[in-house]
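Going by the order they are written in, the chains are A, B, C and D; count residues from 1 in each one.
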């Protein structure tokens, strides 16, 4: 038996989380370094996975399979396709930056108590989330996936509810109340989605007799497993609801602005760039593969909802007064694009959606982390409290601008490639939807530039006059992300090469082919 | 006479015991009522044993007695220590479960 | 009564026994529930249990019948009585309900439950009545032993463990750990002096020449009882017998008798 | 030679990266690095040009394939360049004028502490603009297209501490985004129709699809062109864009970037040729804009905004020409090049004036500057003559041809378009004469600025005057040079095609009419501003003047309809999100809370109460069992 690479990739951060949590209270800094090293180690393992993965090989590679709960046919079954491997790489890549960006976020106010260890907890929770997200990407057993899909709510709940910005415009007490509200809201929304999914998972077991993704898909393909139309639709809706909450799709989105607004910037990145990706990823892997006919049946409604998400999220982003909530609504808009791409059922749309997940992760991380640095300096999240930062902290402003430009999908930066692919993919099948979605890019420019103008330009406000520019640690966080944004914008081929075969297979699962062009162009 | 009558008697005793548990407040009396219920069950088991012609029912009744003995020992100990700390054996005084 | 008869039918004797003793059992159960004093309840319960023991015997469960008398009535019920003694025999419960609607709910539920249970039994099709002749062929105790030590041996062993645990548990629960050293007599007296209360020994109970029991409070010069004279335990149980009025009424009776005699004299004088 | 194409772009891109990431260490030399790399690009352009001249007309186009950019299924976008005569013309214009303006900026931005960054942005602009004209497919063109938009955004808002500059920058980017939407949808339509969006394959298969699709593509491309080239209805950003430093106005908002729309239309000539309806709309847009810009230019007192109106108007001419089809393509590009020279020269002159006048932009506070700034006066004057179409100068040749071509369109359209173009020429003469007189003639009307500094007009340093002189040469001779033996027509013909239309009026008539109108326009201006003293405070003016001062109310329209409407929309949506979408969720939660508050009272803490419910539950279970059996 070969080395269980996938298990190792997920187990390392899990063990790291335990080890970090166990660091004594006084060794706060050691805990941070330990967490950083573990996340870097995970990154190395993810890189090895990426290298070992052969884009043109089998659909699922590096598979591991062990019996787990024999009575119910639950197996510990792992395997990655191109989409999963790209997202694992993204997750492993972002966590070190999240840890580095949140280096001082969980420093305790007073250091007297010997049992009070928030720092250790913070970093341990981040690593725990990483482990669970990675195993969710790897699981090819529906039940195994479900367990970790739900379990990651627990550490996220504590991360949102337990750690907030140092300063808050209404004082500590209000901040704590709002944090609790946000955390509970996050938990409840996702739990409701998860419970409905649990019902669907059980339903799937009743119908199919096991939980193995590959076996069910194969059985459906060769006709040995027949599903009644209505059964398939109900099961699809059960799965989709949970993923739509997590993604989040309008009108199930309202937990995201609260959660991202109240959490610290690194945690907000964790939510939107890492955890939420599991939702869209699962749509591609589970909804489309397990229930191809129902997916096609639901497509019109989902496209409309995605479209509403795009426009609605962008319009609301324009109307926000709070930097982090603005980014949250922008993310809702972007998730609309991802879901649009997935359900456009074209290879451009789905490759674009996958690429979008990666790129959105990186670009939002860049923007949100810089916003976090900004907020930590001034101690306010309100846009109106800033102005003229460009003058006093040009590097901070510059990186913020690049993050913003990535958010508005400027060509040359990575998100453009994915957004354009999604739009083209949608347009070839649903022209009207494609055109309306294009409006989103105008609105994206509006909210990004308004944000930049109000915070960074204009006369220097007295409160920001003494603001220091980015420090070395902060630059270390932002610079690689920006470099990656530019690299993937100019040369996305490495990613598309990995993703394309997997998308082709998904397309054939749902029995869809790209529409042919009207005329065959002369080459 | 039909031996089923023993079952009716058991049911009656059980019901009386249960009602007693609900009505009385003195913990000791409540406990006695519980014993009454257990005994009613035992009677039913013995009657069943006779009906089915095997001894399993008696075995169960036997175990019930043993467990009841153990239960009485612990239960009375609890009552005594409760009385010590509260100077009362009323079950209504132990209402900390209230929100 | 032969085992044969007990198995297949019920003799008239058994029927008679059932109806008489069954009535006793039910009355005993009702008394258990409705008696004001815990001691009375316990005694009624013991009666019911003895009746049940007889029924066990009648049903061919000879071993259980004996065990019921020895263990239940003999040991467990005595344990109850001990506890009642510890907690207070005279502390009569008021049967007044404190939880709103509890009694009615309990009665309705009990009535409903009983009716349903009895209806259920009535509904059940219990046709064949095998009797225990075969099972008890080698003797009831042997039959039980064979089962306990083969089929139910694990349950039996575990029950043993349970009993030990219960015994230990009871000890743990009732045993009070001393958290501080007990004060010596010297320390106690020093404390009394320091506090300035009751420096001399407490007064003794009893009224000399009339009552010398420990539960009778001594009388103060004005004839009122002094609680200080009886032990704390009795005081808390409310088991003090007050004889202050008794002395007065005795006196009154004496005076009356004396007067009666004097009246005669007086009336004699009056008639004179 | 092909491999040099990428170097064209790489040189300024390298400059941008080095200057923007280099930090303060490069402050001292940054501007020279930027200028040198721009010049490098120009030299490479010259080398390629020389190489191109040495080949036959048919073999002049070369291309370079770098790498596959986005390969997904049938969607294949490559990073590859093509350099043909059309691109070559732009390359030379961009790098040539660009280098001159770099040089000019060295002097102009001397006192700005962020000069290094300014040059970084300028280099970024050059790279993006070169990418735009060298791309061999629409998607790569789109990258350059948005890239120049970004550079324009950064440069308009270069003085970010001024809220007006930041707002103008944002506005420019947003309006351009609306146009970009057109371009991206156009690419999508091309992809669904042809399965590709590379220039060659698309143009070759134009004949295989219906006219409807082509018209749609054409109109979408026109929308994009309107955004970038400030044509009606997306013109509103150009005037505000003058908030940027003057060299930026000269390079980006006069000579190069704003002409990208014209490039797009000419480049897509094959599509437009097959879609006459789209062409008609293009000409209408061009005609409307050329009048619109000219009218606005007449009313502005801000020298740069007057010139901006003029730019809009001149690009209107180019778009008009481009809409005429093969008759006009060549002249559109020719006017584009000559306009690049003289408008850049005019802006640099304006910058030079402002440089000497403490950054005063109001022409009413100029006057009589010709003696103080002789070089500026002469170069500006030559630019002036060129733009109004003074015979023999550049503008004369290019504009005249466009007016002729407009008439040659034929039919009523021809007459209307030609008439509009002629009228535009007259108005051009009026407003340019006005600018010239108010700035350089008449008495001094200088006023101390708010801090009380009396302006001391002086000639600008050498680094600023040299570019102006070079551009003035271009303004004078370029047109004539291009027209000798129709050399420019022959040069571009292999790419754009060319045909002579049948003009209902002879070329001579057109020229004469133009001359007459020119004299009339200039004469009115002289009568109004040369003969009488210019009031320092602007008179109230007629309704038209007041409307023109406010850019013919277009901003008011935008403000009321888009800004206000948008604000209301977003505000009400925020409310909806909070009360309705979130309200449903929170309402459910609250009702659950209320219900559990009621149910909580059942939990009174008495064990006996709980026992009753257990007992009742047991009774119910028995009842259920019995019922089930009964059924």
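Here, contacts are C-beta pairs under 8 Å (C-beta built on N, C-alpha and C of every residue); 3 or more make two chains touch, one makes a residue touch a chain.
None of these values were measured; they are calculated from a predicted model.
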Chain nearest the overall Cα centroid: A
Approximate Å spacing (C-alpha centroids) for the pair subunit A, subunit B: 59
Between subunit C and subunit D, centroid-to-centroid distance (C-alpha), Å: 103
Averaged-CA centre spacing for the pair subunit C and subunit B, given as whole angstrom: 15
Intercentroid distance (Cα basis), subunit D paired with subunit A, Å: 37
Junction residues of subunit D, two or more chains touched: 604, 606, 608, 612, 615
Overlap residues in subunit B, where contacts from two or more other chains coincide: 18, 22, 25, 92
Residues within subunit C bordering two or more other chains: 99, 102, 105-106, 109-110, 113, 117
Chains grouped in pairs wherever the two touch, ordered by label: A-D, B-C, B-D, C-D
In the complex, subunit B residues that touch subunit D: 18, 21-22, 25, 91-92, 94-99
Subunit D to subunit A touching residues, read off their complex: 20, 67-75, 79, 139, 142-143, 145-147, 150, 153, 157, 160-163, 165-167, 169-170, 173-174, 177-178, 180-181, 184-185, 187-189, 191-196, 201-202, 204-205, 208-209, 213, 566, 569-571, 573-574, 577, 581-582, 585, 589
Subunit A - residues contacting subunit D, complex: 185, 188-189, 250-251, 253-254, 312, 315-316, 318-320, 346-348, 351-352, 388, 390-391, 398, 405, 410-412, 416-417, 420-421, 423-424, 427-428, 431, 434-435, 438-439, 441-442, 445-446, 449-450, 453, 456-460, 490-493, 496-497, 500, 503-504, 514-523
Touch list for subunit C against partner subunit B, complex: 6-7, 10, 12, 14-15, 18, 22, 25-26, 29-30, 32-33, 38, 41-42, 45, 48-49, 52, 55-56, 59-61, 63-64, 67-68, 71-72, 75-76, 79-80, 83-84, 86-87, 91, 93, 95, 97-99, 102-103, 105-107, 109-110, 113-114, 117-118, 121, 126, 128-136, 140, 143-144, 147-148, 152, 155-156, 159, 162-163, 165-167, 169-171, 173-174, 176, 236
Complex interface listing, subunit B residues touching subunit C: 1-9, 11-20, 22-26, 28-29, 31-33, 35-36, 39, 42-43, 46-47, 49-56, 58-59, 61-63, 65-74, 76-81, 83-84, 87, 89, 92
